[in-house]
Structure formats: structure tokens, C-alpha cells
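What follows is a structure written as C-alpha cells; I'll ask about it next.
Note that the chains take the letters A, B, C, D and E in the order they are written out, and that residue 1 is the start of every chain.
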Amino acid sequence: MQRIGVFVCWCGSNIAGTVDVQAVSDALKNEPGVVFSTNYQYMCSQAGQNMIKDAVAEHKLTGIVVCSCSPRMHEATFRKTAAAAGINPYMVEIANIREQCSWVHKDMVTGTEKAIILGKAAVAKVNLNTPLTPGESPVTKRALVIGGGIAGIQTALDIADAGFPVDIVEKKPTIGGKMAQLDKTFPTLDCAACILTPKMVDVAQNDKIRIFSYSEVTDVKGFVGNFDVTIKKHARYVKEDICTGCGACTEKCPMKKVPNEFNLGMDNRSAIYIPFAQAVPKVATIDPNYCNMLKNGKCGVCSKVCAAGAIDYKQQDEFIEEKYGAIVVATGFNPISMDKFDEFAYNQSKDVITSLEFERLTNAAGPTAGKLLRPSDLKHPHTIVFVQCVGSRCDACAEKGKEYCSKICCMYTAKHAMLTRDKYPDTDVYVFYIDVRTPGKNFDEFYRRAVEEYGVHYIKGMVGKVTPEGDKLKVQASDLLANKQLHIDADLVVLAAAIEPDKSARPLATMLTASMDTNDFFTEAHPKLRPVESPTAGVFLSGACQGPKDIPETVSQAGAAASKVIGLLAKDKLTGNPCVASSNELMCNGCSTCERVCPYGAITYENKEFRMPDRTTAIRRIAVVNPAVCQGCGCCTVACPSGAMDLRGFANSQIIAEVDAICK
Amino acid sequence: MQVKEYKPLIVAFCCNWCSYAGADLAGNNRLSYPADVKIIRVPCSCRVNPMFVLRAFQRGADGVILCGCHPGDCHYTSGNYYTRRRMALLFSMLDYLGIEKERTRVEWVSAAEGAKFAATMNDFAEKVAALGENKRLEDLRCKR
Amino acid sequence: MHNHQEPLIPKIGVITDVRMDTPDIKTFRVVTPDGKKAFDHRPGQCAMLSVPGVGEAMFSITSSPTNEEYMEFSIKKCGCVTEWLHQAEPGQQITIRGPYGNPFPVDDEFAGKNLLFIAGGVGLAPLRSVINYCRHYRDRYGKIDIVYGSRSKDDLLDYKEIIDEWANDDNVHVHLTIDREQEGWDGHVGFVPNYVKELGFDTDKTAILCGPPIMIKFTLDGLYALGFEKTQIYTTLEMRMKCGIGKCGRCNVGSKYICKDGPVFRFDELDELPDEY
Amino acid sequence: MRKCSLDSMNLVFAEIAKAASLYLPVDGKDGKTAYTKWEDGLTWSNSLNTVRGPKDFFFPQTENLVEFKTSGKNIEIIDTRSASEDFVVFGVRACDVKSFDVLDRVFLKEPTDSYYASRREHGIIIAAACTKPTETCFCQTFGIDAAAPAGDISIWKTETEVFWQSNTEKGAALLTKLDALTEECSTEAVDAQKEKIAATMKKLPLANLNTDAFGAGKTKEYFDAPEWKELSESCLGCGTCTFVCPTCQCYDIKDFNTGKGVIRFRCWDSCMYSDFTKMSAGQPRLTQTERFRQRFMHKLVYFPENNDGMFSCVGCGRCLAKCPISMNIVKVMKTIGGKENA
Amino acid sequence: MQKITRDQLIEKAASLLANGTVSCVLGWQKGEFDYDITPAVFDTEDELKANFVWNDFCGANFSKYLVSKTKKCEGKILVFLKACDTYSFNQLLTEHRFDREKVYAVGIPCEGMADIAKVKAIAGDGISSIDCSGEKMAVTTIYEDAPVMIDAKDVLAERCVNCKSKKHVAYDELMGEDGDVIDSARFDEVAKIEAMTPDERFAFWQNELSRCIRCNACRDICPACTCEKCVFDNPNSSVENKSPANSFEEKMFHIIRAFHVAGRCTDCGECSRVCPQHIPLHLLNRKFIKDIDSFYGDYQAGAEVGSRAPLVNYTTDDLEPGEVFERGDN
């Protein structure tokens, strides 16, 4: 049984005006466990706090009930007071007799009656309180960034800048991501490579940053501050530390008919390749699907031409295990497949392309060396139709496409249209749109320039069908404003394909126990207040893996994620919330029900040997809560049928005691 | 002859982050609601076990209301979604057993909705009062 | 009103004194609200103490019947009732009913005999009543040996009484032992069964045993080795009880009810019972 | 011996109910029979085999013993016992009547249980001879004559008439009150009825089951029998057999805090429950096998040992009908007592 | 009459024992009468031949026994599973309650099990034998000379009348032909109660639940109730109780029990089968199943291992608790 002290606050007249504080402290005197009860003008004042401290000493109190304002006001204050008086801060409960009593009731009798009941409930709860101590865990001062696009790069640079080591894991042979494939960037039209590649070089040269390119994360264990991550480094059959990136091998490689993914298959590369000139790391990679030497042991040209002797056909996948304190997900996006959009004839005509392909066609380092030539016959197109919202903003019930807006298409289409008209004024450019969305800084001005200065034909309406006929693409569309059908003979049709999270995100989310929405975008811990954190502590979100974003937004989120990581890594120890769930292993069924409702992945299972009643032993599966990860919502406690799972500070018995006291 | 006015007893479980703060705001704004409503603070509405609801009725509560963050706004991201399913099923079962449906309610009240909190409690208390004492889920041993 | 006396309805008892004996054993002094003993009892008998709302449990009465002022209970903290009692302060009321069970045959079989008490840990509690009874009627018995052991010096129950009173009595021999060496202890170190063997008692005695099952088992082996017969050895059993009057069925072992036919048994009687205690 | 016509039973019931609450077996909507408080027009079931025995009337499943009020360090003890009212239980089978003897042995033994004793004093049992024993019946095994039930009053029912005979003073007094509705008669019809019942009893599948292998002094012989394990293998440890058994009398005492005070109540308990003997210090019956064994050893060995050979089973057959896994005392008797018993 | 015979099952079990696939067999053991069948573990062919039975009274669902038996048995256990049993089997696997590797499951076809109460209602008391081997069930009583011939359809247990599936969703081996999931009328009774007024519903359930004797048979037989420690047995849970002390207690027990198995209950019907007081407990479980189906889409617990039960799942646009009543009134 506890020795409880009750302290009723007048709060000047705020409480005492409607509640007979003397009556409250008298009534609570006889409650079980209460050994001392008093009232005072301002409990939160220094004098009031001293009163509590004195009473603790004098009456050997083990628990404290303060009947005062909302715990949201002064719970922390009184917990500190308790700690100073030498009792555990979690042995304090507040009865909210101001906001939820004196301020809402006018009548002294009613107010006093209710205040007594609220006090009794708090006393009943404290009787069952146990001292709680926040758990502490160390922090590994290293961060992992998964994905080496602009989001990952920016996050890594910012973290490294604060002095913490960072590893970037990129599944492609080079970092750079989608931005490296872009030509110009809206709304300023500066060249993507010009602003990205220096950052890539910064990453390569930063001694705090390690790049694991051509690698992926295969396993994540542990929790915030203490992740154990396994990284699989794919064999690239080239010794990364020796290769100078001279490119001799790529020139001499006899296997030259490999679709070049960097140019989205619009031209070819060799079996040993460097994705693009400014690749980081600038080392060659052998594509095992095409290399004759690897496939049937014949060739070996690259090995012969490599002066540095970097080729290693025997190289194996390598597994690296590393500890991290924080993980940033920056897995990015991809345009969706156009396979299901037969109406736009994407698979029938080479001249129906996606916007990303258009980027490569206009890029000086692209397959056409920057000249806008249509892929089928390398002729200059005179009529270009841009189709917006292909696969974006679809019906929930539609079998193809996404419900959400891909956000970036309006702007890059405006960019493409404007650049085309700028370079090739003889070209007719049509843009079919549902809405034009331009809410960013200088965005609407940019779009209006496309229309007003560059004479791009913006038509509100959707393209119904594209039919290849001869060397033309017959575009059938509706103009909703003019309310008429249009037929355009186009040379090139560009589809603004919706974007979706990279396919690698889903398995990664499972490994990280980070939650995702139905579209496979990572969910944030709070959509408004914690937008760059995942609900899983220690896992942060950067870039388009969280939702469609343009570059400025991505970069700012990347910085924000970095600052959160820095804040975490700057700590030597993590102090947890002591009000966490814990499972009584003797009652646990190991049924996984709790795990399924835990938003933080705080619950894992282990097999443990138990002594059975008949003196034999048996292995049973039991739930284990990681107190460093648990946030204390208590969802698991209700999901648990046996009641093995309980929440400290809000235990079943405590809440029931409150219910009982209120209903007494 | 003076008839003693019947006062319903209402237990309100409020989540710490939204509804409890909403109740505080109602207090700050001096928006009154019946003193019959007694609030129990829980970290999240998903902490409320159906057993607590039944316990309240056993001990003589006439109505039980759960308040949590609006769907999508849960401090713990998904807690109130589970609450919603659990309580939908529980309430439906209670209704199936013939317990008056007006005795149970779930309401989403944000920290900014002090007025909504007070209005909800006024309305709920009124509805429960109209039903009279809870006779169908009471435990005679605990008769008030 | 009801015309029958009801054994299940308890009386009020007041805790007048709480003594901390060991870190987990406290001794409670209990009287009725008007300051009397709640009822008379015989050495070895038990009483049901309860804390309303927490539960009721059976405890052996550790004070001797010859104490006419109050009863004492030495209680080890191990369940919810005992935990609650350990927090109680003087003045606290509890409920009490009894006496229950059979006593040690102090006035018949024990009369005129040399007695050997062997206890381990809190097992001294039920024997204390007998020992003090025998000390009170000292001339009715022969030589008294008391072997008592515990984990450490701090875990020895009634240490002050043992040293100050028992050890000073004529023809009472106290043999104390603790499990492990300890600073400030110059007595015997070792487990009770071994100590009994070392002391090597003659079989002209009646032995009374109480302690944890493992101690009982090995001490018995020792006593048999010394030539003791089962008919010379007594013990007192512990079982879950609810009614205390042989009706609720809980403490049923074979055809016996521990609360009514026990808790005191001679080992030849125990042999007749199935091994379920 | 007296008799009345079957048609006049409603009047008889009305007469009895004037002075005391009357309970009788009534067929429910689900076809199951249960003791029900008589109201005008309620008819007596043809089947006497109620799902629950009449044990409740004397030893209810739950009853309050005493109340406590606490305030600070003080306790107030409130004796909530009230004087029982007279009641009549009508249509009790011979086996169930015998079960009261078993319960008496426990509750009326010193110190007397006043709750039970008071109900026994105030209850009158009108026992009915069985008309239609079923396959689960084996009261004969325990020397019970289904055709000649004990009780305060015995009755026999034929196609058209009901015959009455009082066995105790209480019974005689009640029967006297029914004088106007009954008439004196010879025992002829009853004797014929008894013979008919006896003939039926012989045909029952369990007619040859006997208790020869059991009784006092058999503890050592059966306690360690290996068959217990197999018999208890699929036992769920539920309390069905115990709760439908008319002789099981184990109980638990618990406190219930109402918020205003503490009610100490007792309720039926089952030795089949794992917590039955569990103490904070240990558990003497660790497995279901041990708990299962306790129940049957108690009925067939321990109880007779303490009660002059009386078994605490009356062969009512309820556990045979109700065990979820169809394990029961007959199977135990046949297995443990040896195959010759089969 | 069952399509598969006792001999076929014994032969199957014996061969699996003989070739070492399994070390014991979980099967039905014959009882005192022809209908009181006990689940038992058989270790040898001789035991099987002596005591194994398979007839219209083999209703017991063995799935739950696997939780304890797999922990004790050294080798694999052969378990015969009727289609309905396989759902419980899967549900237990979903909850990691036993090791699949320790079980050899043989699916067997079932033509529905008989309810002895229904048999007695037709044939009368005093049954001395029941022969289920013919087209019709022949029931002999001590009161009649000639056996009463009963059509098995007339005495089917309620759960078999409303059989939800003859399809086995789990097995290592299937004997006979597999059936289909059945669109049964199992929710009709629930709908009937829903259609009552609240007062009628209350009266209905008050009458049913007040008969409860808290014997716990429903819980102890339930394959979803495999908790290491049930809250109703746990003195620290604040809801522990052994007896129906007050009508509230039974309601609390049955509501919470149904809630705890909601989304996990496969509707195997064992609870109602074993209730000594004939309380239609399945109507509570089916209410939850019906609600879940209509609120959150069709969901059959145990249909597949690892499926996410409705109460550990959600969508952002689930209906509000206040809306459940509006739907109920439709």
C-alpha cells in the first residue's frame, strides 16, 4: 500500500471559486492509502512545491496526488518536485479540477462533488502506480542513407557537414539518381548536371561519406540509435579501388548492343560500362547478363586492355555489416509503366515517349546529342503533343494508374514545351491537361511564359486515343473549353507518366518496420508535425519516397531529415519514454496480434524455454517490446487477448481503478 | 413532493493529445457541460479496452464516451483507426444484446475543438439522461 | 436474524504491533478491538486472517497459548495478502477467525519426552508456539534441543528471543546455523540437515520438523540414519485453504483435510497419504 | 398412502405454493428441463432429468457470506444473513435426493455451515419415482432405488394418477395440507409401478456397473495407476462435470469490492481447475492428470473413507451427458476398477 | 452415414505409423455408448483397431489439442481434420500456436455430424445403440423393440446444417474428394435477432445468458481460446470470476470472450455444441462475423495462414462506430 499525500490547489480563485478546496482535501483524507491531505493557494508556486517536499519527508510519502490544473500544464512541474523530494516522478498523478471542473461548472456544490470524485480517481490510480525509470540506450554515431539520388546526396552531405560519418547505399553503379538524367530544371532552367554533379563530387571527396554503389540493404535489425544493417555489395567484376575510370575497357568491349538504361534504352552501351561521364564512383561495371566472359568464359578483352589491372571476373557479392544510429530512406521514384495505357500507343510507336525519355532526347549527353529528333526516323518533329496526367489522378476503382497527383508533371511539361518552342520555333506544341497546377515559387509565372511568350497551345481536355498512321500519330482529343473534338496529326507524343515509389521501397519498409500507405509511399510519423520522420523511431524520410516532390522540395526535405538525424546522433544516450508497453512472458501466447497493430515495429518475438507444470520444459514464442522504440500508445494492450501486454503508467489495473473510483 | 433529479453518470475516455486537450480548451473558454461527465485520460483512444467500457457500466455508469483525435490525426498515426473498428464492433454487439445504443459513443475531438467537446458532452449527457438509469448492464452488487 | 453461529464469518482483529524480523518476515501482534485475545488455541493451530477486498489466508499462530494477552503471527511476504499485511501499520484492523487444525500433541505424546525441534527459515514460526509452550511448562518435558537454520543471520526469525531467552533456559540447547559464512557470525555454518547429522542426536527424542520441503526431505533422511522411527517425527504442512473447516475441498490430500485433520502430522500418518502435499 | 388425479396437479401445486415457494422441473423451449419456480398453469415435466441438479436450492452457485465496510484503518463486519424462507422442491429424482445425504455429510458436519443448514431446515423435498430412466443412469450402482425415492415426501406417477407418501414429519405436515385434494389409497398401483421401473432398470446399459473395486482403503492401490494419464489426456479442465454434479461441493471464497464495500461471497469451484490448489508458494497438483485423479479418487475412495463407505456419486448421469469430451466417472470406474467391471 | 469408413482411416493411420511418418495419431475414441466419443491419442495400430471410431458423432475439433500435443510428442502427430477443422488449424498456425512441422494433417470428408439431442428428440431416451453405417441411422432404445430409423439430415447438428465449407484449406494429404465453400444460411438466425426490437433482444439474451453456469466449457473447447492464461482466470486482470455472481458477469464474460475471438473465430460451432445449458453462443460469434463481413468486407478466419484479421487492420475510410446502428436498422 502506498503512503499518499494529497495536495489540493486553489489556483487563487480559479479553483477555489467553484470548488470547496477544504472539503476536497478533507474528503480525500479517508481514501485508501492517503496519509496526508492539504490544500494551498498555489501548489505550483515555490512555496507550494516546498510544501510537497516537506510533506514527503515528514510523512514518508510514496505517492502524490495534486488536484490542480490540467496535467498538460503542470504535470512536469510536480514530477520534478517529486524527484527533488526523492520519490519517483511517475508516482505523481494530477486530478484536473480546474480546466475540467471549476472552469466548466458554475455551482459550488456540483464542482466540489466532482472535484472529490476526480481526486478519488487519481488516488485510486496512484495506489497502483509503480516507480518508472526511462530506459537509456547508446547511440551509434553513424548514419545510413538508402538511395543516392539528390535526396540522399543532400542528406548525406548535410549530416557529414555536422561531423558525423554517413554511408550511402545506392543500387545503381553510380549515385545521381533521376536528377542526373534530367536536362534542365524548372523554373530557372539551369542545367541539372551543372548543379548536381558538383554535389556528387562533394560526396565522393567527403571523407565522412562512404558510398556503397551497386549495393542494397538486405537486412535491418535493432532499433533507434542501434541499427544493425547488412549491405549486399553486388559484384561489379571491377576492383573499385583500382579502376581509374579511364574508359578504355568500355571502348574496346566487343559487346556493344546492350540497351543503355541511363538513356532509357534509346541507345546502346557496352557490356562493361560507366553509366555516364560524371558518374560517382567513376568506375566501370560489368553487366553479367551481357558479358561473354562471364556468361561463357570467352573474351576477356577488358581485362587485357585494363592498364590498372582492375578487372576481376571472379569477384563475388560482398556482405557488409555495419552499425548505424539513424537510417534515412531516400529511395525515390520511377515513372509508372505505360504498358497498360494502350490508348496512347506507347508500345506501338517509338514516337510515343515518356517525359523522362524526352529529357534524354533533349540532353546534350543523350542519344541524340541534344538534338530533338524523333526516335523512329531521327527526323525533326514539327508537331508535338504533350499529354498530362497519364496515370495520375485516376479513379480509385480504375484498374490502372494512381489516385494521387504526381505533382511535378505540370511544371516539367511546361518546361519541355517552352524549351522546344525556344529551340525549335517552327514546332507546334500542344499540351493537353486536366488542370495546370503551379503552386510553387515562380511556378505560375513560368507556366504563363510558356503560354504567353512561347505560344504553347494549352488545351484543357484529355487525349482519347493516339493512332500511328504512316509516319504520323493521329491524336484524337477533346477540348473541354471549346467543347469540341480535336484531331491532331502529331510527329511526337510525350506522355507525362505518373510517378510511383521505387519497387525496392516495399521490401525495405518491411525490413525497417516502417509503415507505408496503400501507394507504397512511406508514411510520416505525423503528416503535419513530423513530416520527415517515419513512425519507426530512428528512421527518417527524404525525397520522393514519402510522396511526389520536385527538386527544391526534395532538397529541403533532405536537409530537414539530415537535421533530425544530426539531432539524434548528437546525443550520447537516448532516454526513452518510461510509459511503454511490456509483455508478461508467462501469459504471452506469441500470437503476433500485438505486433500487427504496433505502428512502430517495437514488438519482436523470441523463443524462450519455459518450465511446464509437469516439470518438463517447452519452448514458447513470446513477444518482447523494445522500450526504446515503443511510443506508449497502448494499442497492443487491447489487441492482446490474454492481457499479457500492458502499458506502464496506464496499466489495465490503473484505468480500471479510475473507472471504479469514478463510478463509486 | 420533490422528486430527486436523476443525474446520469458518464465516463469519458479522452486521448491525451487531442481530446483531453480539447476538454482543457473547453475549460479555458469556460464552456460548460454537465458535471456528470468524468474524464479519464488515456494516451490514445486505442488504449481503451472494451473491458473498460463494460466495467464502467458494471459499476453504474449510464453512458460511456470515447474521444480521440480525428481519423488521420492520431498522434500515434493509426491508433484511432483501430479504436474505430473495435468500438464499431463492440457497440454493434451491445446493440445486438439489447443495450440502448445511445449509451455508447465515439467522438473525434481535436485539441482545437473545445466548443465541440462541450457541445458533444452536453448532447451526450442529454441523450443518456433521457434514457434513464442503465439497467441492462448494471451489476446489482454495485448499485449506487 | 440467524440462529446459527457461522464459522465463515470472522471477527475483527487489530494489529497492535509490527516487528520486522527479517528482510521478508514480519511478526504481527493481533488483539480484538477491546484488547483481548480473539480466541484460545493450542500450539500448532492456525488462524484465518483476512484483509477485506484483498483476500483471506491461513497462518500458524506463532505465539504460545500461554500468552494470554495477544496472538502473534510471523508472516513471510509471498502473496497479495501477505504483501498487504507487510505494509500495514499498528492500529490497522484486519479480520480473524479460528482456531483451525489439530495442535501438536503437547499434553499427551510429547509429555515427558525429550524434544528435538528442527526448523528452517520461516518454518520456525509454527514451532515457536510449541517451544514457548514447552518452555512455559518446562517440568513436563525432558531435554529440549532446537536446531534452527536460515540463509543468513539476518534471516533468523526471533533471533533476539532465541538468544536472550531460549538459550538461557535450563536444559534447552539451541543450535543455530546459517547457510553461508557471514561477517559477525561465529556460529555454525551449513545446511540444517547436515548440521543435524553432525550433532548426531540420540533417538530418545521426539522430533518436530518444519521448513522448506527440501530441508524436510534431507533432514528426514538424516534422522532415519540416526535411527529415528517415523512415529517419533512430527511436522506441520502447508496447503491452499479457503474455508479452514474441511468443507471447501481445497486442502484435501487423500482422505485428509489439512485444515481439519492437519496441519500437524506424524510421519507414519503422512505415509498413508498420497504424495500430493 | 394417498393419491390424486394427474389432472388435479395444478390445484395441488397452487395449494403448496400458498405457503412456500415451489420449484419443479419444467421443460424449456430448447427441450431441456430445468427447475423453475411454479406459477399458475406451469406443468411438470415428464422428464425428471434436469440439466442442473437441485443442488442450487441448498448450496447455490454463488452466495454472499458477509460484508465489510472499511474506513481508514477500521473495518466493520456486517452479517448479511437473513432467515431463509420455506420452499418446496418437487419432482426430485431418487439419485438427486441421495445427493443431499452426500452434501449433508459435508455441510452439516461440525462446524455446521449455517447457510446450508438454514436452507435444509426450510426446504421440503418431494421426490418422484423415475418413470423413464435413460442410458446414462446408473443410480443402482450406488444402491439407489429409482422406484423408491427418499425425501420428505415420495410420489409415484402413473398414466392418470399421482400417489403420495410422506417420509418425514415435515413431509407429513405438508401432505396434511393437501388432504382436501388427495384421498387415501392402497399401495397396489404403486407396487406395480415399482415393478415396472425395476424391470426397466435391469435393461439399462450400465445396469451391471458396480462399486466393488472402490471404497475406503483403496488409495494406495489406485493413486499411481498408469491409466490416469490416458483417461485425463483430453480433459479440458473445464468445470462442466463439477457444476452439473449434484454432489460436488468444493467452493471458493472470494471478495468483491463494490466500491462501497466488500462482499465476501462463496461460489462453486472445481478441483479440475488449475488454480484450485495453487498457492503463492507452490502447487501440489501440477497437471490436469493429477487434478482429474483427485476428482474421481475423492468420489470413489476418499469420500467413502471418511463417510462410512458412502460414495460421493449418485449415478445421476449428468456428467456422462454433459462432458464436452465425453470423459466421465463410468469410464474411470471401468478403466481404473479393472475390466471385470465392464 | 459418412462416406469414408473407419477402416479406411485406420488403414491410413496404420501405414503412416508403420512407415514412421508419424509417431502417434490424434483420433476419436469410442465411448460407453455409440455417441459419447472422446478425443484420444493412439500410439499403435492395435490401439486404433480396438478403440478408434469414425461415425456421425465424431464432431470434436482436434485443432486445439495440437497446441499442447505438439509440445509433448516427440515425432509428428497424425491428425484427421474435417473441412471445418482445417480453418481452426490454419488460424492457430497464423497465431503461431503450434509447429506445423510436427503435424501430419489428413483431410477427411464429412457429411455432417449428428446432434444427439436431436436424435433423442426423435428416438426418445434410453438409447442402447446407434448404427450409422447404413443409409439411415438405426437407433435402438431400451423402451422399444424395433430400432427407430432416422434420416441423418433430420438430426444434423446446427453447425452442420449451416456448414460454411466442405473445402479443406489445409492438409498434407486428402482422403476422398474435396468439397466447396458453401454459401450457407448461417447468418439468418443473427438477422432474426437483429430484426427484433431492443427490448426483445435484451429479453432474448437475458434469458439465454442467465442460464450460464460459467463452467467455461465454451472457452476451454474453443480453438481460438488458447491463451496461456485467460483473463477470466487471472486474479490480476480485475475481471476474473469463477461464477455467475450476477447477471452482469455472464454478459461481461460472453461479450469479452466473443470480442477476444472476433476476427479469429472460424465459426466451428464447438462452443454451442458443448454448452451444457444449450446457450446459442455461436450467435454471438456469428454476429461479429456478420458485422465484420458487412463493415469491412468478407473475411473468413483460417481461410489462409497469415491473413490479417479485421481487428488488426484498418482502412482510412472505415465506417464510424455511430454508423453501425443505422446499418442495423436497415
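Here is the rule we use: a residue touches a chain if its C-beta (ideal position, glycine included) is under 8 Å from a C-beta of that chain, and two chains touch if they have at least 3 such contacts.
Remember, it's a predicted structure, so these values are computed and weren't measured experimentally.
A.B. asks: Please name the chain that ends up farthest from chain E once chain centres are defined by their CA atoms averaged.
C.D. replies: Result for max centroid distance from chain E is chain C.
A.B. asks: Using only Cα atoms to place each chain's centre, name the chain farthest from chain B.
C.D. replies: Max centre-to-centre separation from chain B belongs to C.
A.B. asks: Report, in whole Å, the distance between the mean C-alpha point of chain A and the mean C-alpha point of chain B.
C.D. replies: Computed value for the inter-centroid distance: 35 Å.
A.B. asks: Please tell me the distance, in whole Å, between the geometric centres of chain A and chain E computed from their C-alpha atoms.
C.D. replies: 45
A.B. asks: Counting in whole Å, what is the centre-to-centre distance of chain B and chain D, each centre being its mean C-alpha position?
C.D. replies: It comes to 46 Å between the two C-alpha centres.
A.B. asks: Could you pull out the residues of chain A that touch at least 2 other chains?
C.D. replies: 597, 639, 652, 656, 660, 663-664
A.B. asks: For chain B, write out the residues touching at least two other chains, lowest number first.
C.D. replies: Correct list: 50-51, 55, 59, 72, 78, 82, 86, 141-142.
A.B. asks: Residues of chain D that contact two or more other chains, please.
C.D. replies: Residues 70, 252, 254, 256-257, 259-260, 269, 274 of chain D touch two or more partner chains.
A.B. asks: Going by the contact rule at the top, pick out the chain E residues touching chain B in the complex.
C.D. replies: Checking each residue of chain E against chain B gives 190, 193-194, 198-206, 231, 238-239, 245-249, 251-252, 255-256, 258-259, 262, 284, 287-288, 291-292, 295-296, 310-316, 318-325, 328.
A.B. asks: Which positions of chain D touch chain A when the two form their complex?
C.D. replies: 70-72, 257, 259-260, 274, 283, 286-287
A.B. asks: Considering only the defined contacts, which chain D positions touch chain E in the complex?
C.D. replies: Residues in contact with chain E: 30-32, 34, 47, 49, 51-52, 61-62, 132-135, 200, 203-206, 230, 233-234, 236-240, 242-244, 252, 254, 256, 265, 267-269, 273-275, 320, 322-328, 330-331, 334.
A.B. asks: What part of chain E is in contact with chain D in the complex they form?
C.D. replies: Against chain D, the touching part of chain E is residues 31-33, 36-41, 60, 65, 117, 121, 125-128, 142-143, 211, 213-217, 219-221, 233, 242-245, 270, 273-274, 276-278.
A.B. asks: Of all residues in chain A, which touch chain D in the complex?
C.D. replies: It comes out as residues 30, 32, 613-615, 660-661, 663-664.
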